[in-house]
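What follows are several structures.
Next come two complexes, and both contain chain A; in the first it sits with chain B, in the second with chain C.
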Partner chain A sequence: MIIASRTVVPKASSRRRTRRLLSSDNSLPYLLLVPALIALGCILVVPLIYNIWLSFHEYNLLRPARNTFVGFGNYLKVIQDPAHVSSLFLTVRFTAITVLAEVILGTSLALLLNLPFPGNHFVRTLVLVPMLISEVVAGLSWRLIYHTEFGLLNYLIGLFGLSPQVWLGPDLALPSVMIVEIWQHTPFVTLIMLAGLQTVPRELLESSMMDGASRWQRFRYVVLPLITPILLLALVFRTMFTLRVFAPVWVLTGGGPADSTLVIGVDIYRAAFRYYNLGIAATLSIILLAVTLAITLVYMRLLRREALT
Partner chain B sequence: MFRRLFFAAAVSITLGAGGVHAQTLTMLVSSGGSGRTFEAAAKHFSAATGIPVNVIQNPYAEVREKQLLELVGKTGNLDVISVDGTIWMPEVAPFLDPIDEQTTDTKHLIPSMVDLFRADGKLVALPVRIAGWVLIYRKDLFDAAGLKPPTTWEEFRFAARTLTKDGVYGFAPALRQGNYLVVQWIPFLFSHGGQILNKERTAAAFNSPEGIKATQFFVDLVRDGLVPPGATAYEQSDIITAISQGIAAMALTYSPYFLNMNNPKESKVAGKLAIAPSLPRDPATGMTTGRTLISGWGFGVAASSRNKKEAHQFIQFVASDAEQKRLAVENNNAPTASAVYKDPDYLKVFPAAADVQGALASASDRPLVESWTMIEDILARELSAAVTGTKTVKEALDAAEKAVNAAL
Partner chain C sequence: MNPSVVRLLEKYLIGLCVIAVILFTVFPLAWIILTSVKPANIAVSYPPRFFFTPTLEHYGLLLSGSGGEVLGKAFINSILTTGISMIVTLLVACPAAYSLSRLKPAGGAAIVVFIIGVRMLPPIVLVVPLFRIFQSWGITDTQTALIIPYVGLSVPLATWMMIGFFLNLPKELEEAAMIDGCGRIKAFWHVILPLAAPGLAATSIFTGLLAWNDLVFSLPLTTVDAVTLPVIASRMRVEEGVLWGQLGAVSTIMIIPVILLTFFVQRHIVQGIASGAVKG
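Then we have the complex of A and B:
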C-alpha cells in the first residue's frame, strides 16, 4: 500500500503540474514554440553539430571506410595552406568593399526615392528588379555584358572612343565581380533604408527646418541618428550574406584568373563537391561561421549601444 | 553518413517522382548535347524492347555528385551509370558491374575508346560518345593566304601570325581558369612529346623540357597577341562564338563543335571551315603527327542495380553499330563504332568525319588517377597565372609540379 501510494502520488502530482502548466497563461507561448524549436533543431542545430564533427575528421566521400578522427588536424591544414588563408582574406576584403558601396548607394537611393516626384512608385519598383533576379541568371547575363569581343559594355565605352577592356581578365576580374554583387544587392539596402526613412517623424524635420537647419544638417543631425539602427541592421544582413558569396563568382570567373577571385564560398564548394573532401570543407565553413559571428557580434554591440543612447 | 543519407533521400524523391516501376531502367545524364542524345537512345531502346527508361537530365556537376552518392549508398535507385571518360572512372569504377568481354561484342568499337573504361583490367562501361580535340580552321582564309593546314607547331605559329589582321585573330583558345584551360593545354603538351604524369602515375611529368617548351609556346600565342584579347575569360562556348562570328582563324577544340560552327543558322562562316587531318607536331620529338586529347562518355551498370540484365541490354544497344549510326546522323553524336565513320549516310551530314577519325588516331586521355580533379584545379590555377602573365612559365610549372606531387 505504502509502495502503491508512493508511486501513485508523484504521478498524480506531475499530471496536475502538467495540467496547471497547460492552463497557465504564461506557459502557452512556450508550448506553441515547441514545434518551431523542433524544426529549427532538425534543420539548424543537427547539421551544425554534424558539420563540427566532420571538421574534426578526415572524411572523404570516395573513401568512406578510411575516415578517421584527426582532432584539430584539418584546422592546422587550412591555416598552413596559403591558398585557403588568402581566400579568407580576399572574402573579407570583397565583403568590406561591396557592403560599404551597397550601404552608401542604397542609402542615397532611398533618400532620393523618399522625395515626392511623379512616377516615384514606378521607379521604386524598377530599382528593386536586380534583387528579384536569380544570382546565376544575373551572373550569366553579366558574363555576356562583360564579353571582351561581343559584350555590351565594351560597345558602350567604344562609343566614347575608349578601347575595349578585358573585364574578366587578371586586372579587372575582382572589381567586375564586385560590381555585379553591388548591382544585385544595393536594392535590398534601399528597401530597408526606405522603410527606415518613413519612420522619421515629420514634426522633427519641420521643426529643424524652422530652426534654419540646412538640408545636410537635417540629414546629419536629425535623420541619420534616427535611422542608424536600421542602417546597422542592413549592414548585419549584407555582411552575413556577402561573406558566403558564391554564385556570381563561380559563374563569372570560377575563382580565376590565377585564383584572383577565389572567395571562401568557391573554396568550400571545390573541397566538398570537386574533391569530396568533406572534412576540409566543413573546417572551412566553421571558420567562415566564426568570422561571420565575430563581425556580427561587433555590429550587435554597436546596435545595442545605439538603442541605449 | 547524415549527408549521404540526405542526398540519397533527395535523389530518391527525384527519381520516385518519375513514376518508376519494376523493370524501368533509371539513369542520370548530363544535360545539353549528350543529354539530348541519350534521351533519344532511351526512346529507341524502349520502342525496340518495351522496357521503359527513365532518363533524368541534370547539369554535369550534379550528375557526378548525385550518381556517386547513390553508388556509395548502394541504394539501387540507378541502373545505368554515365561515365565521363577517365575523369569519373576512378570514382565510379568500384561500384560498376563488370562487363563480360567473352559474351559482349566490343570489336566493332574504337579500341582506344574501349580502353578508357577499363579499371584493373576489367571492362566496366561501353563507350557511347567520343569527345576528341581536333584542329578546326578557316579554309577560305588559309587558301587566300596560300597556307596549308599546319603540320608542325612552327607552321601553326606562322599561320596564326599571318592571319592575325583586320579584326581576325589567328587562334581562339579557352583560357578561363578551370577544366577548359587544362583541356586546351593538354594537346599542346602531348604534341610536343610531353606527359602529364609519369608512367607509374606517382609523380608529375609535365615540368620536363618538352612540357616547358609546350607551355611556353602556348603562353607566347597569348603574349604575341595571336588570340582574341578576351580569351583569358573564354570557355568552350566562346570558341564556337569566336569562330562562328568570324573573329578567329583556328580553334583546337572538341570535334562535335564543328557542326555548330558550320551551321548556317548559327554561323557567319558556315561552309568555310575544315578539320586538319592531324594535329601539329614538334619535329624535334621524332613524332610523325601531333597527339591529341580524347575522352568520351561511357555507360556502365550499377552493381547495386536491381535490373542488371536489362541495364546490360540497354548499354549494348546504345553502343551497337546501328544505334551509333542513328545517333550520329540524327543527333550529331560523335560515334564510337568504327564502321559509322565510313557510312555514306553519316558522311553526307558530316563530310569531315574521315578527318576526325584520322586526327583521333593518335590520341590519349588524361591519366586515370583518383585525385585527377585536384590535379586539374592545380594545373588550371598555375596555367591561368602563366597565360595572364602573373607568373613565368617556369614559376607556374614549378609550383604546379610541387602541388601535384603533394596531391598524388
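Then we have the complex of A and C:
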C-alpha cells in the first residue's frame, strides 16, 4: 500500500506541472523576451535618443568647449546650406531612379526565370550572388571596370569605335554609381517577385489562356494585379535601403568629384569623421530617418488600400 | 508564321536573355577574381589580357611582410566579429521568437510591431552616438565595438525570421513531449530547436552576412587593431594601378566564402528572404 501510494503521488503532481506549463500563465514568456528587449533598448533606442539630443546641440569634437544647446539651430543650418540640401535631393533622386530600375528589371528577370529552361535552378542561384557579396567588393569590382586607362568598359566601347570616357568623372559619376547599385540589388527584387509569382494560381492562367488572352494580356490583367502587393513590398524595402546608401558610393567616388555623388549617407559620414561636427551629422541622420519614415508610411497606406480592394 | 517556328524562335530568345543576364551578373566579379591571379606586369595592362599564366604572387605578397600582418589580422577580426555576432544574436533572438510565437504573452503584438519598426532605423543613425559612447568607454577599435551594433541590428531581423519558422512547426509535437514529462525548456531544446534547424541556418546566414560585409560601422569605429576586411579593401589606394592585383586578392578572399555559401545553402537563403521580407 505504501509503495502504491508513493508511485501515485508523483504522477499526479507531474500531471499538474504539465498542465501548468502548457497553460503558460507563468513568467517564462516574459523572461525569454528580456535579453532581446535589453539588446534592442541599449543598442538601438538609447543611441537613437542620444542622436536626437546631439542634433539639438552644437557639438564639435575639435571645439569641445563650445558644446551648447542650440534648439533647432542645426536644422536651420542644414536647410540653409546648399551642400546639405543638394545631398538630400540627390539622395531622393538616386533612390527614385535606382529603385524604379531595380523593380522593372527585377520583375522582368523574375518572369524570365519563371519560365522552364535547362539549368533554371542553377541560374536562379547564380543571380543571387551580387546581393549577397559585400558592397565594398561590388564597388571595387566596378571601379576596375570603369577605370579610365585600363578599364574593361573603355576597351569594350573601343571595340565599337567609341572614344574612352571618364566613367567616374564629374559628368558620368552619378549614373555610373547608380548602375552598380542597380546591378547589386536587382536580385533582391527578382527573388521576392519569384516568390510572388508562385502564388499566382495555375488554373487562373490556364483559363485565361483558353479565353484567348495574349501573353501580355495575361500578365497585365491576371498576373500583375495578383503580384502588386508583393511588388509594393519590394519597393518599400528597396526604397528604405537605398535612402541610406553609403558603402558603394564611398568606395567608388567618396561622394565626388565635386560632390556630384554626395548622397546623404556619405554626407553624414563626412560631417562626423572629417569635420568632427557631430551636431550636424546627428541632424542629418535624423532628417534621413524622418524621410525614411515618411516614405515608408506612404507606401504602407498604399499597401493597405491595395489589400482592401 | 508557322507556330513551331515561333516556338523555336522564342526558345532562342529566352536562351539569349538568360546568357545576357548571366554575363552581366557574373562578369564584374569574375573579372576582379581573374585580376587577382594575373602576373603584376599585366594585371593592369591595356588592352586587357584574357589569357595568361595564373600566379598566386598577389596572395603571397598580401600574406607576407607588413601588408600580410595587416591582412591576416583583418581576416581574423572579420571571422571573429562575424562568428560572435551570429552566436550572440541567435542566443538572444531564439528565446524571444519562441516566446512571441508560442507562448503569446500579453503585449506580444506590440513587441512584434516594435521589432518590425526598428528595422526601419538606418544603421548610420547609430554610428555617431555609438562612436561617442564607445569613446567614453575606451572601447573604440576593439572587436566588441563592432559586435555590439551588429547584434543590435541583427536581433530584429533574426527574431522576425525565427517567429516565422517556429509558427510553421506543428504545435502537437512539443505538447506531446511535454506530456511525456519534458519541461518547456527541455521540449524547446530537444524538439523545437532541431526541427527549426533550417530556420536557424537561414537566420545565421543573414546575421553573418551583415557583419562580414559591413562598412558603415567598421570604417569609423576601427583604426588599427580591429579593422575588418571591408575596411582594408576600402582603404587601399589604387589610383596608381599598382595594387589592383592585391586588391583583387582581398576581394576574392571576401567573395569566395559568400559564393560557396550561396550554392550550398541556397534554399535556406531563399526561404529566409521569403519569410523575412515577403511576410513583412
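Assume the second predicted complex is superposed on the first by the 267 of 309 C-alpha atoms of A that agree within 3 Å, B and C clash if a C-alpha of one lies under 4 Å from a C-alpha of the other, contacts with A are read in each partner's own complex, and residues count from 1 in each chain.
We adopt the following convention: a contact is a pair of C-beta atoms (placed from the backbone, for glycine too) under 8 Å apart; a residue touches a chain by one contact, two chains touch by 3 or more.
Predicted model, so just to flag it, every value in this text is computed and none were measured.
Enquirer: Give one of first, second, both or neither to describe whether A:Ala294 is in contact with chain B, with chain C, with both, or with none.
Expert: So A:Ala294 meets neither chain B nor chain C here.
Enquirer: Just checking: does A:Arg244 make contact with chain B only, chain C only, both, or neither of them? Give me first, second, both or neither.
Expert: second
Enquirer: Given the touch rule stated above, what does A:Gly265 touch, chain B (first), chain C (second), both, or neither?
Expert: Touch status of A:Gly265: second partner only.
Enquirer: Which partner does A:Pro257 contact after superposing on A: first (chain B), second (chain C), both, neither?
Expert: Only chain B is touched by A:Pro257; chain C is not.
Enquirer: Scan A:Leu233 for contacts with chain B and chain C and give back first, second, both or neither.
Expert: Touch status of A:Leu233: second partner only.
Enquirer: Is the number of chain A residues in contact higher for chain B or for chain C?
Expert: Counting residues of chain A touched by each partner, the higher count goes to C.
Enquirer: Which partner chains sit in contact with A:Met210 here, chain B, chain C, both or neither? Use first/second/both/neither.
Expert: A:Met210 contacts neither chain B nor chain C.
Enquirer: When the two structures are overlaid on chain A, which partner does A:Tyr50 contact: first (chain B), second (chain C), both, or neither?
Expert: Both partners, chain B and chain C.
Enquirer: Touching chain B and also chain C: which chain A residues?
Expert: In chain A, residues 46-47, 50, 147, 149-150, 273, 278 are touched by chain B and also by chain C.
Enquirer: For the complex, which residues does chain B have touching chain A?
Expert: Spelled out, the residues of chain B in touch with chain A are 2-4, 61, 65, 68-69, 72, 91, 176-178, 228-230, 232-233, 238, 241-242, 245, 247, 370-371, 373-374, 377, 380-382, 384-385, 387-391.
Enquirer: Residues of chain C touching chain A in their complex?
Expert: Touch residues, chain C against chain A: 14-15, 17-18, 21-22, 24-26, 28-29, 31-32, 35, 44-48, 91-93, 95-96, 98-100, 103-105, 108, 111, 114-115, 118, 120-133, 148-149, 151-153, 155-156, 159, 175, 178-179, 181, 183-184, 209, 212-213, 215-216, 219-220, 229-230, 233-234, 238, 241, 244, 247-248, 251, 254-255, 258-259, 261-263, 266, 269-270, 273-274, 277-278, 280.
Enquirer: Under the stated contact criterion, what part of chain A meets chain C in this complex?
Expert: The touching residues are 14, 18, 21-22, 24, 28-30, 32-33, 35-37, 39-40, 42-48, 50-51, 54, 109, 112, 115, 117, 123, 125-130, 132-145, 147, 149-150, 152, 155, 158, 183, 187-188, 191-192, 195-196, 230, 233-234, 237, 240, 243-244, 246-247, 250-251, 265, 268-269, 272-273, 278, 281-282, 285-286, 288-289, 292-293, 296.
Enquirer: Given the complex with chain B, which residues does chain A contribute to the contact?
Expert: 46-47, 50, 61-62, 64, 146-150, 164, 166-170, 173, 253-260, 270, 273-276, 278
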